[in-house]
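Shared between the two complexes below is chain A, which has chain B as its partner in the first and chain C in the second.
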Partner chain A sequence: MERRSLTATILVHLAALLLLVVILAPVVWLFIMSISSTPDLIAKPLHWWPDTVDLSRYGVLLSSVANSAGEAFVASLFNSIKVAGMATVAALFVAVPSAWAVSRTPSVGWSLYAVIATYMLPPVALAVPLYMTLAWAGLLNNVFGLALVYLTILAPFTTWLMKSGFDSIPREIESAATMDGARLDQILRLITLPLAAPVMATAALFAFLLAWDEFFYALLFTSDQRAKTLTVAIADLAGGRVSDYGLIATAGVLAALPPLLVGLFMQRALIAGLTSGGVKG
Partner chain B sequence: MSALELINVRKRYGTVETLKGIDLSLASGEFLVLLGPSGCGKSTLLNIIAGLAEATEGDVRIGDRSVTGVHPKDRDIAMVFQSYALYPNMSVARNIGFGLEMRNVPAVERTEAVQKAAKILQIENLLGRKPSELSGGQRQRVAIGRALVRDPQIFLFDEPLSNLDAKLRMEMRTELKRLHQMLGTTIVYVTHDQIEAMTLATCIAVMRDGQIEQLATPDEIYNRPATRYVASFVGSPPMNMLDATVADGIAQIVGSVSGIPLPQALRENAARARDVIIGIRPESLTLASSEDAGLAIEAKVEVVELTGPELVVTSTIGSQRLTASLPPKSQIAVGASQRFNIDASALHIFDKATGKRI
Partner chain C sequence: MTSTWITTRAWLLMLPLLIVMVAIIGWPLVDTVRLSFTDAKLVGTEGSFVGIDNYVKILSGSNFQRTLITTFWFAVLSVSAEMVIGVLAALLLNQQFYGRSILRALMILPWALPTVVNATLWRLIYNPEYGALNAMLMQFGLIDAYRSWLGEPGTALASLIVADCWKNFPLVALIALAALQAVPRDITAASMVDGAGAWSRFRFVIMPYLAGPLMVALVLRTIEAFKVFDIIWVMTRGGPANSTRTLSILVYQEAFSFQRAGSGASLALIVTLLVTVLAVAYAALIRKSAGAS
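Up next is the complex of A and B:
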């Protein structure tokens, strides 16, 4: 490592610490709120750390008693997992072939730009047509319907990401495989997709997060526990006559867990540098 | 039997014609080098032979079978790419055996073939590694192994040595030569390096602007270049090209009082062209003492460079430049006038208008 003066070292560490605080402070505060008792939360001056640790809200939200807040929350948690999961998987199924085609056939690249252009439209512009389409297809308040809507958001984005991933894989490798006698599906399965795995994992992760966090369409197209997602359920918690901020915070903590697990799981696939060594360099 | 035959192969991209009618026939066991500067169409031609590109017109025949429209995998060829194009996610052994794997060759047979190829290329100890753990030269060997194991009718090489450093390039060049002598396979090899072409080929096709300028043995390309272009492309330092006009059997060098009496055999044709270019290889010039008779020209010495095995003397004759490669111990005075003897049989005369050899 290069030599650095003491001041520089201290400054670098301070900067890193600042970044850490900025990123983690909201999360930490969310967690503290979720375990604080109501008196602690409304006390003045503010209690930075609760006098008593209160875990009861986790119990409330995760209970399965009929017609309770917990039942609604757990149902919405599963709805979110289903919708985001389905939309992500479907988006990858659409993105991989189309991104490969666009990457290997530059002459059809304009089509991707056309799709991206529709992406620029604000969601509210599409809300009414989408609502009517879903109503016509009988898919309102339905996880499949919502996943389908999310697919329209995720597919352009994942295709774009996958295209740049495929672009970085030299075409000569595929030419070599062609001459070695591999069919198109074999080339994709044995060579191109393994090499594009890091990009694919990134695309999947971001697509999942995008779908997980989506609120606007979910609010419009779902109406009860059959399809309501987490974001809508959390909003419902705040929408009553009395808002229990601790409960909202607890829901937030619980809602953050599944994407966190997905992220940790994907980390293995995110290891980059797989393509190095195939060609010169 | 000819292993490869190209009949009037043309390739157009829109209005641009990159190949303007290539005709070529290659006997089995030959080592053909397509030599030319970048953009001359040599790589396009190789891709057409490989089937990675289709010719706009004309026919490609491999082993007396037309392969127009035939998929690359069914052409009985193997190709080594400039960038090696190894599969980074597979071990060396699987890389080499991939072609056999795709052709459903049983695993036992496959392992045997991979071992054999690895032994020939001396990479047996690398079979378990990934391409990223290999050096450039080793990757090159693996790429060759991948072609070798398939035992194809024709090997195609696309500038395989251009990514290696000078020393390794020479080593691999010898290695390729050894492989060709040992296996006796038919090879088509693309390069812009004239030394690679001269050393490896049994047959060189010098290409220019989508056409074959000359197709001949290395010896003939070097000693009897068909055109001025071929003459200037092959050889280092490059051949001297002196503008001259012919009158009474003497080629008068433009911008100078010296003239070169032409050999009898060339006089008639040269006289018809009048404006000619005299090509003299630097190594066919020798130092002449003043009373020496025979063919000689006088030039003013400007720069003397010792490269080690030879002394490269740059001089001017009138307004034109003359380079000579001399033995390293030659006594040369910079700034002085110097007479050079010319080997009359090594004179190349080109028609200035057409560039063709007279």
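Up next is the complex of A and C:
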């Protein structure tokens, strides 16, 4: 380690402190807003720390009393889980066999680039025909319809991640099993897929978060509690007539909790993914 | 096993993916092209063939030109700020200090925060009556009256860029940090023995390691910024006075608010074309820089 002067050490610590504040302040403020009483939030000068901690909004949002803010929020929470879950399972179902095929058969590799290229497409390029088709099929404002549309994002993405996952499993293991007389389905089931399980879990997690985050298609293709996802529900709250800022903040905290926890605990896997360029910006 | 069989087997395994991709990406894209030459409405009329009318109208209209410029500024300013701040943060995180591993771990927070939650959070921070930014600037004596950061055309775009930058610079920082950790210790040590100053060490010793990963980050971020919709929709819906209206917002308004599917489709294709040009140009750039280093 290079030697630093005392001044340099102090400067580095000050800069680190500044970075810490920049990163943490907005997130912490979101949380403080969610537990502050409304008088504290609209006080001038603003109360940066609430006089009394008010957790009631969490109760309000997570209650399922008919026609309450909670009912709409809980419904959108379940819709998000359903849509993201279904889209993730479907994406893995189509991505895993193709990723393995591309990884083991370089001559069809070019098709992977075609698949990845679609990931760059702006969603607006597909939105109008998708809307018309969903309307025709009666799948507007429907969790299945939305999950199907999410495959446009998740399928290319998971194929890409799984392909690099299979690339890191030596094919010699598979050839050895072939020589011992194992059939392809046995090899995949007993050897390759178990070895690829960690990559598959990472891909599933990423895909789920990507769907959890999605807003554009959800805004277009859902209209009420039957299919509205969390992101749309929060945008409604933020843009609507709700004047309880704490309630908006609480909804934000609840929606952010799953990805934040995943982010903190999966740090290593996430960064490995980020640096291989395999993640949305 | 013959190689024909292996290739056939590969295609068979890829069949489910290919069917899905054709059905929900390929076909809609083709249909967007068809629609772009019609005056179809979103609901009801099929529309009739109008040739390149939609394109002519869009390209000669002031709405499109103004929106293109807004999108350009949003993309250029937010991405360059993210790159500069991201690299500076990475250089810092590569130094020794107390709590370094905690700070590195926390960098993931803004990235993990859902985009809509981020937009909502900053909308609250910028709130003209009760927002934290106004309160803080007032308490420090930097402003003498509360301002409507998102409500005035002069500050709305800049405020959006700050919010976007806060969410995305940590990603650049993490990518750059991973690249910095790959720089061999003895090379930096040797350059110090040779008397290289801090800047020339950065420029000639460290930068070559950073260039590749940063270029990839730049490409992905620029394309994302060009397609931006969520953060703007939630924070300003393109307002005030259309000062923050980007291309994706314009397509949304045309195709869905005004239900003009035909011209909405042409606009969407123009955006797609611009993104494709960006992606291809960047891909060439990356290949060139990869060949050079």
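Please note the rule applied: the second predicted complex is superposed on the first by the 229 of 281 C-alpha atoms of A that agree within 3 Å, B and C clash if a C-alpha of one lies under 4 Å from a C-alpha of the other, contacts with A are read in each partner's own complex, and residues count from 1 in each chain.
We take it that a residue touches a chain if its C-beta (ideal position, glycine included) is under 8 Å from a C-beta of that chain, and two chains touch if they have at least 3 such contacts.
In this text, all values refer to a predicted model and were calculated from it rather than measured experimentally.
Engineer: So, A:I81: does it touch chain B (first), chain C (second), both, or neither?
Structural biologist: Once the two structures are laid over each other on A, A:I81 reaches no partner at all.
Engineer: According to the stated criteria, A:L62 is in contact with first (chain B), second (chain C), both, or neither; which is it?
Structural biologist: neither
Engineer: State whether A:A72 touches chain B only (first), chain C only (second), both chains, or neither.
Structural biologist: neither
Engineer: May I ask you to decide whether A:Q186 touches chain B, chain C, both, or neither, giving the answer as first, second, both or neither?
Structural biologist: In the superposition, A:Q186 touches chain B alone.
Engineer: What is the contact status of A:V12 with respect to chain B (first) and chain C (second): first, second, both, or neither?
Structural biologist: The second partner, chain C, only.
Engineer: Chain A residues in contact: does chain B have more, or chain C?
Structural biologist: The larger set of chain A residues in touch belongs to C.
Engineer: Just chain B (first), just chain C (second), both, or neither: which does A:V89 touch?
Structural biologist: The answer is neither, since A:V89 touches no partner chain.
Engineer: Taking the stated contact definition, name every residue in chain A that is touched by chain B in one complex and by chain C in the other, in rising order.
Structural biologist: In the superposed arrangement, which is not itself an observed complex, chain A uses residues 274-275, 277, 280 for both chain B and chain C.
Engineer: If you look only at chain A, which of its residues touch chain B in the complex?
Structural biologist: Residues 170, 172-173, 175-183, 186, 190-191, 194-195, 274-280 of chain A touch chain B in their complex.
Engineer: In the complex, go through chain A and note every residue touching chain C.
Structural biologist: Where chain A meets chain C, its residues are 1-2, 4, 9, 12-13, 15-16, 19-20, 22-24, 26-27, 29-30, 33, 41-42, 44-46, 93-95, 97-98, 100-102, 104-105, 107-108, 111, 115, 117-118, 120-133, 135, 148-149, 151-152, 155-156, 159, 184, 209, 212-213, 215-216, 219-220, 230-231, 234-235, 237-239, 245, 248-249, 251-252, 255-256, 259-260, 262-264, 267, 270-271, 274-275, 277, 280-281.
Engineer: Which residues of chain B touch chain A in their complex?
Structural biologist: Touch residues, chain B against chain A: 50-52, 71-73, 77-79, 81-89, 98-99, 102-103, 130-134, 136, 139, 146, 150, 163.
Engineer: Looking at the complex, which residues from chain C come into contact with chain A?
Structural biologist: The touching residues are 3, 6-7, 9-11, 13-14, 16-18, 20-21, 24-25, 27-29, 31-32, 35, 42-43, 89, 92-93, 95-100, 103, 105-117, 119-125, 127, 129-130, 132, 135-136, 138-139, 166, 168, 170-171, 174-175, 178-179, 188-189, 192, 213, 216-217, 220-221, 223-224, 226-227, 229-230, 233-234, 237, 247-248, 251-252, 255-256, 261, 264-265, 267-269, 271-272, 275-276, 279.
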